[in-house]
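Note that chain A is present in both complexes that follow, paired respectively with chain B and with chain C.
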Partner chain A sequence: MTSTFVIDQLKRNKINDLLEKGQRYDGRRFDEPRPLVIETGVIPKADGSARVRLGDTEVVTGIKIQPDRPFPDMGDKGIFICTAEILPLAHPTAEPGPPGEDVIELARVVDRGIRESGMVDLSQLVLEKDKTVIGIFADNSVTDHDGNLFDACSCASTAAILTCKIPKWEMINDKPTLVEGQKSDPPITTIPVAVTMARIGDYILVDPNADEWACMDARITITTNSNGNICALQKGGDDGFTPEQIIQCSEIAISVGAKIRQKIEQLRQGR
Partner chain B sequence: MGDNKRRFVIPGEVITTGPYRPEQNVILEGKKIIATKVGISEIYDDSVKVIPLTGKYIPKSEDLVIGKIISHSSLSWEADINSCYVGMLPGSDVFGRNFQPDTDEMTSKLKKGDLIAARIVNFDRSRDPLITIADRELGKIDSGELVKISPSKVPRLIGKQGTMIQAIEMATHATITIGQNGLVVVACENPDGLLKAKKAIQMIDEQAHMANLTDKVKAMLESNSV
Partner chain C sequence: MGGRDSDLVLLDENGIRCDGRKVDETRNISIKAGVLKNANGSAYIEFGDNKILAGVFGPRDVHPKHMSDTDTGIIRCRYHMSPFSVTERKNPAPSRREIEIGKVIKEALRPAVMLEKFPRTAVDVYVEVLQADGGTRCAALDAASVALADAGIPMRDMVSACAAGKVADTIILDVNNEEDQAGQADMPIGYMPNLGKVTLLQLDGVLTPAEFKKCLETGIEGCKQVYEIQKQALKDKFFANGEQ
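Moving on, here comes the complex of A and B:
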């Protein structure tokens, strides 16, 4: 849907002019993300939930946890699946219907960041090997679209998983049976943080808003774990990055990611 | 017009009964004149209308609008005119009568993302509005900044006989092009003047329902000009 958003030429020129003076259209520094607000437990009926506001971008994530059959090749591991949807109320150009390419990419980038970081120790979510495991399903709904859905969805999913409660099941007569009233914290090993950067000309901008998103040449989303190691990366856009720019982006992703991680960590302490 | 004649109405509300002519956003049912939009009702000597508080722009013939080119075919451009309808700008309007779709390159004149000042030529709700840029003061906009306000507040921005907009232009030395569709282009050589003009326009958008708005805007423009 974002592909149908056309930015007017005057604003594009203005953004480019300002960049040459070392400024951004909304007054931020190049490596400064927009203000991030995380609320958790916003959906009482979900097993975990979070609402994240990143500037004017807003995402609500709900977590559903239920027993399921494992993937055939991973019988000794639980399931984690992350989806994303842009609701029609999020933006004038968003329409209901099957997801477009960019929404599918959004879900996959968020999913990959969390999966490859090993945030949740899936091996602890097995009820019976090769038969029944616990599945964690994170559904992201974008309710306001002002660019950089990657970071907002990633942060919302991470926060929701971090604060979710896993119900207890026991295998009785080969069937998983819910044990009422017993819930446990998820087996968290690390906290992944995605940082998306846009390249406009020779400038690298952290957390591009919708206007910057519409006139960028290329973008890169780098997910880091709690140790500051890169665990997932996605490059998008028509153009490319030089090797030096990739290294620069990695360093930004680590330093900016560390600050965002602190914010997410606080949720865990307040749990 | 007395103060008691002006009030806040919601759709379905009976504004008055009597020998009045229904104008914008009201319908006549029997003898009752009923509002169809949320807004302020106004009763004149012989007519009743509702000034909406909010709403999309509905094109009207002869309106000046600001449009953004969003795509084109070999025959015409499509412009986003901040409405539920798309403005159609035929190629012959720009290339002239000798327009040849097979040889004339549409993007050589107007590209995606270009802003235009256009006039609505024709609109009847069954087809997309036809627009033109073939006139003085119409055409591609090369400089300035786009500000978006609610289309229902455009008359307030202009003010009575253009007093409001003149006040802003005088104080900031900016050139302001107002589209009836709520898109406004502000051009000003001086960055401070540009900022101030934008602030004034946004202030009018937010406080259009308040009384003494002209005075407030004037006060704001003068206070910062020191």
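Moving on, here comes the complex of A and C:
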């Protein structure tokens, strides 16, 4: 469960008192995300992979690439599917079983950010129009949960896709057949970065940790692309934002996102 | 996104859209409150070709019991599309999309409803999309909000919803199905018009910061128009025969 942390009333009061003094409980600035560590290629059997640590939140993401049928109305495009699971070892409240609405939202927000940015040019992943296309599956496994899974999973998925290798298939007798030993880089057009912010009272906090997540009034996740444009957005939580706060959040997402993007860009150079 | 149906002219040289609307015009909207006998509150909305029913039960006992909260009431929402609501039959089992939409509608209504007055209870909002034509989550939220008011549940404000978006590089109000499929961006907005708070906000598609701001402003104007129709629906039900 991502939104049902229970924390002590004392801690809650402390977090609120500190915010009034312009401070966060863990000492960060309001617009400062937690330290981000990205490793790629951590699962050699996957076609691409990444382990991302955002503070004490950790995600392992693997990319699997395989031929599949296209979506009915999009026969001229490859498919991209993103899933997420909070593993039971990630948090005492996480239980095995079918995904709840929080996890479904998580997967769909991560999926939407990458899809709507057009990060991967899916039109280059067609083997036979309307029949067989290449599918990219990004599966996010949350291994340690300290809040803000949105940004951690988005970053891990993006890093894993960026550094994946696409195997080559040829259509032989109407069946996709793997061509051994030939792999190519994915057709990347832009690098999406999701930035999640929590609103506690009138304060906007970038990358809320689990304690802040438990106290927040509402949250917003904004994904930006390499041009600094906004390509996906999701508001969540039990309260709203004023239009002014939303504009403020979009400006923060663009500036904070640009710094995170630089870090992801370096992966491509080191590939 | 974008450009799949290349024959369709989304915006002609006179600024008229594929269904004859101007850029800042909503589809025809009609709302009727109190349409179901058994539900505590209900509403039916026709939003263009969308046809959606909303029914509200509660505040009532919470089942399963462990979901109940001793400090406040809870709100739950199921958004469901009938199998016959779309061109290709939809599998009646709830999809991931429907579960997500149920969640965002619930979170959009939550700030408007004074649940703290009803600890240990639940308010259940059931939304059934009988026919879908783009923008169902906004229309569903509009109907759900009227149904909550119809149920007499104390509220701080209505929640009014309308989408804004971008087609042919132009910001438009109330994105229909064709515009959603072939357009460049779709941004559903839920707004509490008296409190000035956005409680539902999503975006698919690319917008520059300037376009984003314009899109938000355009959508909020649409929400204000919807609000008048919601109020009228409630007035029509409660004051129709001169009763006060």
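For the reader, a short list of remarks on this structure follows.
As a working rule, the second predicted complex is superposed on the first by the 268 of 271 C-alpha atoms of A that agree within 3 Å, B and C clash if a C-alpha of one lies under 4 Å from a C-alpha of the other, contacts with A are read in each partner's own complex, and residues count from 1 in each chain.
We adopt the following convention: a residue touches a chain if its C-beta (ideal position, glycine included) is under 8 Å from a C-beta of that chain, and two chains touch if they have at least 3 such contacts.
Note that the structure is a prediction, hence the values are computed from the model and not measured.
With both structures placed on the common chain, the touch criterion links A:8 to chain B but leaves chain C unconnected. Contacts of A:210 after superposition on the shared chain: neither chain B nor chain C is touched. More chain A residues lie in contact with C than with the other chain of the pair chain B and chain C. Shared-chain residue A:127: touches no atom of chain B or chain C. Note for the complex: chain A touches chain C at residues 72-74, 101-102, 104-105, 107-108, 112, 116-118, 220, 225, 228-243, 246-247, 250-251, 254. Across the interface of their complex, chain B is touched by residues 4, 6-12, 14 of chain A.
Taken in their complex, chain C has these residues touching chain A: 1, 4, 88, 96-97, 99-100, 102-104, 107-108, 110-111, 181, 187, 192, 195-209, 212-213, 216-217, 220. Only residues 68-70, 80, 111-115, 141, 143-146, 185 of chain B touch chain A when the two sit together in their complex.
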